[in-house]
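By letter and in written order, the chains are A, B, C, D, E and F; residue numbering begins at 1 in each of them.
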Amino acid sequence: MTSLIEESEASAEVRAVYEDIKATRQIDWINNFWKALAVHPPTLRRMWATIKEVMAPGALDPLTKEMIYIAVSVTNNCPYCIASHTAAARAKGMTDAQLAELLAVTGVANETNRLANGYRTPVDERFLNA
Amino acid sequence: MTSLIEESEASAEVRAVYEDIKATRQIDWINNFWKALAVHPPTLRRMWATIKEVMAPGALDPLTKEMIYIAVSVTNNCPYCIASHTAAARAKGMTDAQLAELLAVTGVANETNRLANGYRTPVDERFLNA
Amino acid sequence: MTSLIEESEASAEVRAVYEDIKATRQIDWINNFWKALAVHPPTLRRMWATIKEVMAPGALDPLTKEMIYIAVSVTNNCPYCIASHTAAARAKGMTDAQLAELLAVTGVANETNRLANGYRTPVDERFLNA
Amino acid sequence: MTSLIEESEASAEVRAVYEDIKATRQIDWINNFWKALAVHPPTLRRMWATIKEVMAPGALDPLTKEMIYIAVSVTNNCPYCIASHTAAARAKGMTDAQLAELLAVTGVANETNRLANGYRTPVDERFLNA
Amino acid sequence: MTSLIEESEASAEVRAVYEDIKATRQIDWINNFWKALAVHPPTLRRMWATIKEVMAPGALDPLTKEMIYIAVSVTNNCPYCIASHTAAARAKGMTDAQLAELLAVTGVANETNRLANGYRTPVDERFLNA
Amino acid sequence: MTSLIEESEASAEVRAVYEDIKATRQIDWINNFWKALAVHPPTLRRMWATIKEVMAPGALDPLTKEMIYIAVSVTNNCPYCIASHTAAARAKGMTDAQLAELLAVTGVANETNRLANGYRTPVDERFLNA
């Protein structure tokens, strides 16, 4: 059974991460993913530092990053991640039409990946330099 | 061994698809994925109609769609698809920095998918309605 | 680097398995999969006993079993397995049209698997009893 | 949360697809997969046209196609798809013994795929031409 | 719906396997995995013989083997397997800290696997001989 | 095509990471994984910090961690990762017998994961609290 470390019972080390999550995301609650990682504070700290850095705006905007996250989570079938990143993307403005197109591309990519495998298609020379 | 149907030996049915691919993409050559599918014309025809529809500009722009395609292909490790869609995304303007951030998000999503699985994290109620 | 145990250098234990593979399959050579497993004779012996039992004719005929094997190998993208089981299925009579339909179904199943995941589709009650 | 478009609330475009599904399959109800896709009619229409074409009798019979679908869905662990295609295969006559052998082959293929990977087995030259 | 063969209704063949499972593991109950396989006694028998051999102490100790099992099950997201092998590993002495490090390594491996794929990293020559 | 940043052409930032990799691992060369990541220094820096922390001795010894890494890489079929982590594990003392048992467990786990999925086995109540 999953142990979830609630804010009220968190150590100072864990609470500091929770506070940074809330401040960075401008929200007032902590979702279960972090509460589960908090049983091992080094993982909580490391994973949050990673997410904070990788998901920050950069050459790609935050919504595009969330949609990439959904595409991966759907491909791997991680129910928790699909639910949480769909919510995050919607909070960043993803429309129903964008979600539908994202899922359509994800589905078709999963299909053609297998056709390329199954037909053992050799990589075109022009693509080797891409 | 993969049979590749070259343009010069293609039936009228196959050639018609090849011509539409070249016209739609404004290119003058056919990559191996399509030449391999051409051994079974119904698959070639259906798959091209699907790609043409799903990858067209819509609620998401074509570059975002290519990046989602890369994220899926990297997650599944399809070498052909990684090479061809990286080339396609670059042709649509993807920069080195965008590719690097796309791969970073893809990698981290693959990581946190497994942490969510491994810790058997229950989905937060707030996410159920997302 | 992979060590391959050739028939000429095989121990008596390994040679006995090799002979049974050749006799069962009515062939006169051993493919690399078995030569690689032979570095660990218990794995060679166990794996061959398993394959011999599971791939034997039963409620499903051997060609159907080979096609299921290809569908799985294509989904996982195992290049060795795709090559070897495509060869095996062809030796059992698989036609080009059958291979093409098998790959089409495999591709589409990989697509709809992700659509079902991505839309978080609840299982219909009627299917729970199937 | 998944939105499911019920028949009673479907647009004319969606209803036309639903009617074709019911007529083609000779059933009187629509399962949730289609009701979920119906939030994006182009996906519903495209996906149904694909399934209708790919799953039709051809070089492979419909039951074999359903069993390949199950093998893929089990490999990817898509609970919805496992449930729905097991039901579909049973409706097409799949026996308990056939399901058991199908799952046995699927399991063993997933095992040997990893042994081939892990031992980095080079593809036999004879298989390159298969 | 899954049929589970309870001990009280098991055939002599199935009961013999159940008894060997209980004796080998020194437990007094049978978990659902075996009860589900028991609908097809050849699969039950074969799978138990395989597990009994592969999971026995050898060059690797049983706890290390259970942790490898968890890493695979988490990577594939098999909820049943994650639950049952986490329980088995705990029964063999796995601590909270060991589980946390196991999940951390599993997560990071899933991440770097995709970075190696996405960057299409050529294998170093020194590794070819490893 | 993959760009590899050689030590001789590395920026000060990249060189600092390379030096830390060599010092930490007590080796005198940099493998291609890091040279590929170096095209995006933030990813190089972050990924090395992660690996350095996660793979350090802790509740699990470094060889056990390498074997878990191999199990994941084999399951995902990442050829680069299989080669590099097999080499790393051998450098830490992994024997042929240990590798063979590791691959056997990895293979069997991939098999039973699918049997549990395919039979839709409900999780035993006793495992829910594990």
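Just so we're on the same page, a contact is a pair of C-beta atoms (placed from the backbone, for glycine too) under 8 Å apart; a residue touches a chain by one contact, two chains touch by 3 or more.
The structure presented is a predicted model; accordingly, all values stated were derived computationally and were not measured.
Peer 1: Mind listing the chains that sit against chain A and also against chain E?
Peer 2: B, C, D, F
Peer 1: By label order, what chains touch chain B and chain C together?
Peer 2: Chains in contact with chain B as well as chain C: A, D, E, F.
Peer 1: Same residues or different residues: which describes how chain A and chain F meet, taking over half shared numbers as same?
Peer 2: Because over half of the interface numbers appear in both copies, chain F and chain A meet with the same residues.
Peer 1: Could you pull out the chain whose C-alpha mean position is farthest off from that of chain C?
Peer 2: So the farthest one, by centre of C-alpha atoms, is A.
Peer 1: With chain centres taken as the means of their Cα atoms, state the distance from chain A to chain D in Å.
Peer 2: 27
Peer 1: Could you work out how far the Cα centre of chain B sits from that of chain E, in whole Å?
Peer 2: About 34 Å, centre to centre.
Peer 1: Where does chain F touch two or more other chains at once, residue-wise?
Peer 2: Each of 1, 39, 42-43, 46, 50, 54, 75-79, 83, 97, 100-101, 103-104, 106, 108, 110-115, 117, 119-120, 128, 130 in chain F touches at least two other chains.
Peer 1: For this assembly, give the contact graph shape among line, ring, star, complete and other.
Peer 2: complete
Peer 1: For a test of understanding, state which residues of chain D touch chain C in their complex under the given definition.
Peer 2: My answer: residues 1-2, 4, 29, 31-33, 36-37, 39, 43, 47, 50-51, 54-55, 58-60, 64-65, 67-69, 71-73, 75-76, 78-81, 83-87, 90, 95, 97-98, 100-102, 104-106, 108-117, 119-124, 126-128, 130.
Peer 1: What does chain E use to touch chain B in their complex?
Peer 2: Interface residues on chain E, with respect to chain B: 70, 74-75, 77, 79, 82-83, 103, 106-108, 110-115, 117-120.
Peer 1: For the complex, which residues does chain F have touching chain B?
Peer 2: 39-40, 42-43, 46, 76-78
Peer 1: Taking the complex as given, what residues does chain D use to touch chain B?
Peer 2: Going through chain D, the ones touching chain B are 1, 42, 46, 50, 53-54, 128-130.
Peer 1: Can you list the chain D residues touching chain E in their complex?
Peer 2: Touch list, chain D to chain E: 77, 96-97, 100-101, 103-104.
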